[in-house]
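Here's the structure we're looking at; comments come further down.
Chain IDs A, B, C and D follow the sequence of writing; residue 1 opens each chain.
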Amino acid sequence: MFSKVLIANRGEIAVRIMKACQEMNIKTVAVYSDVDKHAPHVHLADESVSLGDPTPSESYLNIQKIIESAQKVSAEAIHPGYGFLAENPDFAKACKDSGIVFIGPSASVIKHMGDKIEAKKTMQKANVPVIPGYHGDKQDVSTLVHEGKKIGFPLIVKASSGGGGKGMRLVKTDDELEQAIEGAKRESKSAFGNDSVFLEKYIDKPRHIEFQILGDEHGHIIHLFERECSIQRRHQKIIEETPSPMMTPKLREQMGSAAVAAAKAAGYTNAGTVEFMVDGHHQFYFMEMNTRLQVEHPITEATTGIDLVKWQLKIANDMELTVKQQELTQHGHALECRIYAEDPAHGFLPSVGTLSKVEFPQGPNVRNDAGIEPDFEITPYYDPMLAKLIVSAENRTESINKMIWALSQYVVLGVTTNISFLAQVLEHPEFQRGNITTHFLETFFKDWTGGKKGELPVDALIALAVYDAMHTQRQELVRFKEADPHSPWKHVGRWRMGT
Amino acid sequence: MEDGNIGMFINYEHANHVYNVTVERRENEFFITYDNIEYTVTAQEIKPGQLNVNLGDRMIKCMISEGEDRKYVFINGQVFQVKRVELTGRRKTEKKETDLNSPISGTVVSVKTKEGESIQKDDVIMVIEAMKMEYLIRAPYNGLVKKINFKEKDQIEIGKLAAEIERTKED
Amino acid sequence: MFSKVLIANRGEIAVRIMKACQEMNIKTVAVYSDVDKHAPHVHLADESVSLGDPTPSESYLNIQKIIESAQKVSAEAIHPGYGFLAENPDFAKACKDSGIVFIGPSASVIKHMGDKIEAKKTMQKANVPVIPGYHGDKQDVSTLVHEGKKIGFPLIVKASSGGGGKGMRLVKTDDELEQAIEGAKRESKSAFGNDSVFLEKYIDKPRHIEFQILGDEHGHIIHLFERECSIQRRHQKIIEETPSPMMTPKLREQMGSAAVAAAKAAGYTNAGTVEFMVDGHHQFYFMEMNTRLQVEHPITEATTGIDLVKWQLKIANDMELTVKQQELTQHGHALECRIYAEDPAHGFLPSVGTLSKVEFPQGPNVRNDAGIEPDFEITPYYDPMLAKLIVSAENRTESINKMIWALSQYVVLGVTTNISFLAQVLEHPEFQRGNITTHFLETFFKDWTGGKKGELPVDALIALAVYDAMHTQRQELVRFKEADPHSPWKHVGRWRMGT
Amino acid sequence: MEDGNIGMFINYEHANHVYNVTVERRENEFFITYDNIEYTVTAQEIKPGQLNVNLGDRMIKCMISEGEDRKYVFINGQVFQVKRVELTGRRKTEKKETDLNSPISGTVVSVKTKEGESIQKDDVIMVIEAMKMEYLIRAPYNGLVKKINFKEKDQIEIGKLAAEIERTKED
C-alpha cells in the first residue's frame, strides 16, 4: 500500500479521504490556499503544503503547484476528491508523467467520458439506452427538422456549447420545430460564438438516478446499486437517498446491468458513477458518467457496508476487487443532506462569515462528513458546501424521521445555512410519499421565504435575556447605573436593597 | 452604596421587529418580563453559549453565540439572528447624549416640566413606569421645552418622542 | 406511540434511549441523583426529576422514588436501560401496578429467568442444550459423587448461593471428587450460611457467545445473530464483536434456533439475550437469559441495520414485529470497546475525577455511545463505564484496524482510562487471529503494566514546553524575573535585547 | 528595562522521571532544548489545549489539559500525566527561601566562595551553565560555608546539592 498520499482538495472530502488513509496507516499530505491555512483538512493531515493565493486557478486548480507539492513531500499518490481537478484528464496525465499515482481512472477514460457526445456514442454501441436525439455534425435546418421529427415530441433543442438554458428550446409540436431550431441557433451564436445545436427527447417526470460503480485493474467491475438524486436546485443536488422510492427489483437489475455495461464499454477503473434519467414510465436513459468519487457516496456506503474511498486506494494500488456482485445487498435506507452556507429564503445566496459555533448531531447511524470547525471562516472563494449529514435506518420513513431529528440538532452559527430549508423539504407530504422529480424544488419551494412565520419565539427571548444577564458583571451593572442615569440598568422596585 | 437586585431593559431586534424585554437576576433565579408576562426561570450554562433554561417543568435548550454586531440563537432546530438595539440610536460610549425617546412602553407617572419652560441638561422631564420599574426621561442638553407629547397616566410606546426641547446655543 | 417516557437510568444508555425517543417524537424524562445533576442524560432530556442521595439504593435502585417520579410527570412508560432495576421483577410489577408500561418483558419472565436453576430446567424441557450438571436438592455426598461421575471429568463444584469463586472446586479426576465436594460444602457453609452445591461439566476453551432476541406481544420471536463477548476481565466484558470469528453458518443456524426456542420456552417478549458457552469443539450450552437490553447491543445494530431500542419502544407499545427472520442478514463486521475510568496497569482500579477534555473519534461507521462530556465529574458511586466505541467495516481485519485508529483518536483527560489497554488487546496477534476464549485476558494480559515503556516521548515534552510558553504572559515573565532571581525565568544569552 | 527574549527552565515529572527542558519563544518560533538537542518549532493552538506543533515537515498533534496538580497530555493515542516540579521543593509563594540544589544539569562555570567563609543571604555561591543559560546558586540564608561539592568545570546534575551552609542563628 502507499505510504504517503497527497489529497488535492479541501473541505469535507479532504477530511473524509484523510480519515480513510489514517485507518490504512497511510500518511496524508494536505494542500491549502492562504484562506485555508487553519482549515480542518490541514489540521488533520500529517503534513501540509501551502499553495498561496486562494484563487482556485492559483491553488486547488493549479496542476503544476500540486504536482510540485507532491514531489516536495515524496507523496506516491494523489487523491483528487471531487470537483477541482478530479475530472481533468490533463491532471491525471501530469500525475502519471511525474511518476505519481492518480487515484481514479486513466486520463484517456476521463477525457473520453468528459466529452458528452462521445460518451453517448460509446454507450449506444454498448446497448446502453441513451436519450433519443440527434448529435450529428450536419447542422442545416432541414436536416435538423428531419431528425427532430424522427425523435418525436416533446423534444428539446440545446446549444452544443450551451449551459444555463441559453440556446435551449422546448418543442411540443411538429409545427413549432423549425422556428425553435432557428431561434436556438441564433441565441447560441450570440452567446457562445457557435450555432451548433443538438436535439433530444424531452423527459416527463424525470428522476435523476445514478449507479455507483467500482472497477479494478484486473477486469472486475461491479455496481453498488442506485442513488436517487432528484432533489436539486439549479442542477445542484441537495438531498440524496438510497434505495430510490421508485425502484423495483427488476428495474434495479436492468439499470445495474446497464451501468456495468457502460463502465465496461468505457474501460472504466476505480470508483465512478453512471447517471441516468428515468421517466414516469420507468424508461431510463444514460446521461453521463462521473469519473470520480461522488459527493453522495456515503449513502451507498451506509446501505452496502462497502467503504468506497478505501477501495479507491486499494484499486489504485493495483489490488483486486474482492467484493462480488452477488454478495452485495442493500440494508435499510440512507439519506444525505448537504449543508450549505447559503440563504434559501433569498435565492440561495451564498453566506460568508466566521463560524462561531458548530455542533454536529450525534447518534446511532448518524454520520457527519464535515469540513468545518468553530472559528473557521467561510470565504467566497470556494463552493459553499460546509458538510454532509448522512443517516440510515430500517426503512425510508424511519430514515426521514431520523434525518429531521438530526437536522434539528445541527448547530451552525455565524453564517446562514440551508438547514431549516432541508428539514422542510423532508417534511413535505409529496417528498414523504416519494413523489419526487428533478422539478420538485421548483414546483413546491419556488418562492420559499423561511416557511414558518419569522417571529422570534418567546423561548428565544427568555434565553437571550438570561444569557445577557449572566454575561453582565454585577460590578458593571452598578457602575453603569451610577455613571449613567440613562443606562438600561435600573434598580428594581420589587426587591429590597442590601444583601 | 446600594447593591441590591438590579434589572435590565433590553430591546432585541429580529426581522424588523423589536422585542422589549426586562430581566432581573436574583442569585440563581431570573425574572423575565415580555409582553406583560413574567417568566421565572433557573438556568445553567452547560458550556460556553449553551443554555438549559428551566421554566417550570419545561426545559428550554438553546445555543447562543456572538457575531460582530448580532447574536445567533439556535433553538428547536432553528437559528435566529438578533441584534440588541438602543432604540434611540445612542451608543454606549463614555460621553453620550441622552435623548427624548422612551426606551420602553409604559405609563407616564409624572411630568416634571411644562411647555415654554427653560430646562437644564439632565433635568427630569418625565417619569415612565413599566413592568414595575421607573424610567426617567432627562433633558439631553440645556434648552427650552417646546412641546410635551404625553401627560400623566398616558400610555407611551417604545421609541416615541416624549418631548421636544429647543437647544440653547452654546459657544 | 407513547408521548412521554421516563428513563430509569443514567450514563450512555440513558442518552442512547433518549435519542431513540427523540427520533420517534417521544418526550423524555431523566431521573438523576445529586452527583448527576449536570450529567449528559439530564441535559438531553425534556424534563428531569431529582432522586436526591447518590447512593444507588436511594436513587437509581429506589423503586418507589422512580415510580413517583414517573407519576409526577405523567410518563406513560419507563425504560429501565440495563443494570440498576432492569432485571428486577418487583420493579416491573410496581410499574404495572401503577399503570405504567415497563419497557421489557413481564415481571414473571424476569423472575423466572433470574433464577438460574429454574431457567436451565426450562431450557432442558425445550431441548436447548445446557451444561451437563447436577442441580438437584439431594445434597448428601454420596448422591453428589454418583451424579458427578455421570457428568464426567473435568467438572466444577459450585456453591448454589455462590459467587466470587467461593465454594468452587475444579475436579479433574474421579478420585478427587469426594474431597472436593466436601471442601466446597464447608467453604460455602461458612461463606453463605448454606452448604448446598451443584455440579457442572468444565468447559475447555470456553467462548462466551450470545444471541440477540426480539419478541413481540403477538407471538413473533426472531434472533438477530450472535455476539462474541469472550474478552472479559473478572467476568466483565470489555470488547465484543459480531460475527464471531469462530462461527460457521451451520452453527449459527443451530444456535439461533436454540435461542429462539429458549425465548419461546420462556414466553419472552421485548429485547433479550440468550447467553451460551461454546467449547473448542463447537458444542454450545445455554448459560442464562438476560431479560433486558444489553450493553453490547450496538454491534448487532451495526451489522443488521435494526434499531433495537426503537423496537423495544414499539413492542412495549403493542406494535407487531415486522422484521422477518429470513429477511435478516449480517453486513460486515462490528466491534465494540467499552471505555472505562479505570487503571488497567493497577488492577483495573476505578479512577475518579473531573473530565477536563473529552473528544470522540469521528468517521464513517464510528459510533460513540457516551455518557460523558467535558467538566463532568466521575464519582465512585456508579459503574466506571464512561462510553462505548462501536465501529463496523467490511470484514474483521478492517474492523480491527478501524477500531485501533479510532481508539488512537479518543481523548479523555482528567481520569485514567483503559483506552491504551484496549488498543493493545486489539493489536495482540492471538486476538487478530480470532483465537480468543474467556481466559484470553488472564492468559495474555495478566500483569499488564502499560505495555510500551512508560517513558515520556520527546514530542510530548516539546508540546508541553510550547504550551507552557504560550500560556505564560510576557509581563508575568518579566515580573518573575525582576522579583525573583531564582525564578525559572532567565534572559537568554543568544538573543539581543530590545524589540 | 530589558524586555527582550526570555527563556524558561522547566522540570517535568512523569512516572518518577524528571525531564529538564528549556523553552524560548521568539514571536512565532519556539526553541526547545532537551537532552542537549534543540528543537525549533512553530505551533498553533487550534482550540483551547489542542496544539499542532510543526517540527520541520512533521506535525506533532497533541491535546493538553490542566488538572489540579498535573497536566494531561494526549499524544498519538496515549495519555501521560505530567507534573511540573520545583526540584528543590520550593513553592511559588510570595516569600520563599532559595536553596542549594542545582535546578538544572550543567557545568559549573565559577565558584564564588570558599569552604569556611561567612556568607550573606543571596550571595552568589556558584554559577552553573546549561544550554547556553547561566544559573546562579545563591545563599538561602546568612551562614558559614561548610562544604562546596563542585569545583569549576565540574558537571553538576539536576537536584544535586551544590554546597552546604551552616545557618547563622538569628533571634
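The working rule: a contact is a pair of C-beta atoms (placed from the backbone, for glycine too) under 8 Å apart; a residue touches a chain by one contact, two chains touch by 3 or more.
Since the structure is predicted, the reported quantities are computational estimates derived from the model, not experimental observations.
**Student:** Please name the chain that ends up farthest from subunit A once chain centres are defined by their CA atoms averaged.
**Tutor:** Chain centre farthest from subunit A's centre: D.
**Student:** If I rank C-D and B-C by number of C-beta contact pairs, which comes first?
**Tutor:** If we tally the C-beta pairs in contact for C-D and B-C, the bigger total goes to C-D.
**Student:** Could you tell me the distance, in whole angstrom, between the mean C-alpha positions of subunit A and subunit C?
**Tutor:** Result: the chain centres lie 40 Å from each other.
**Student:** Determine the centre-to-centre distance between subunit B and subunit C, using the mean Cα coordinates as centres, and give it in whole Å.
**Tutor:** 55
**Student:** Determine the centre-to-centre distance between subunit C and subunit D, using the mean Cα coordinates as centres, and give it in whole Å.
**Tutor:** Taking the mean C-alpha position of each chain, the two centres sit 47 Å apart.
**Student:** Taking the touch rule as given, give the residues of subunit D at its contact with subunit C in the complex, in rising order.
**Tutor:** Going through subunit D, the ones touching subunit C are 1-10, 12, 14-15, 17, 19, 21-26, 30, 32, 34-35, 39, 41, 43, 45, 49, 51, 53, 55, 60, 62-67, 71-82, 84, 90, 96, 98, 103, 122, 132-136, 138.
**Student:** Hey, which residues of subunit C end up touching subunit D in the complex?
**Tutor:** 353-354, 356-357, 359, 407-414, 416-417, 419-420, 423, 452, 454-470, 472, 474, 477-478, 481, 484-486, 488-498
**Student:** Enumerate the contact residues on subunit B facing subunit C in the complex.
**Tutor:** Counting only subunit B, the residues touching subunit C are 44, 46-47, 52, 57-59, 61.
**Student:** Mind pulling up the subunit A residues that touch subunit D in the complex?
**Tutor:** That would be residues 38, 43, 45-48, 73, 373-375 of subunit A.
**Student:** For subunit A, which residues count as touching subunit C in their complex?
**Tutor:** 16, 19-20, 22-25, 298, 301, 304-307, 310, 323, 329, 331-332, 360, 362-365, 367-369, 392-394, 398, 401-402, 405
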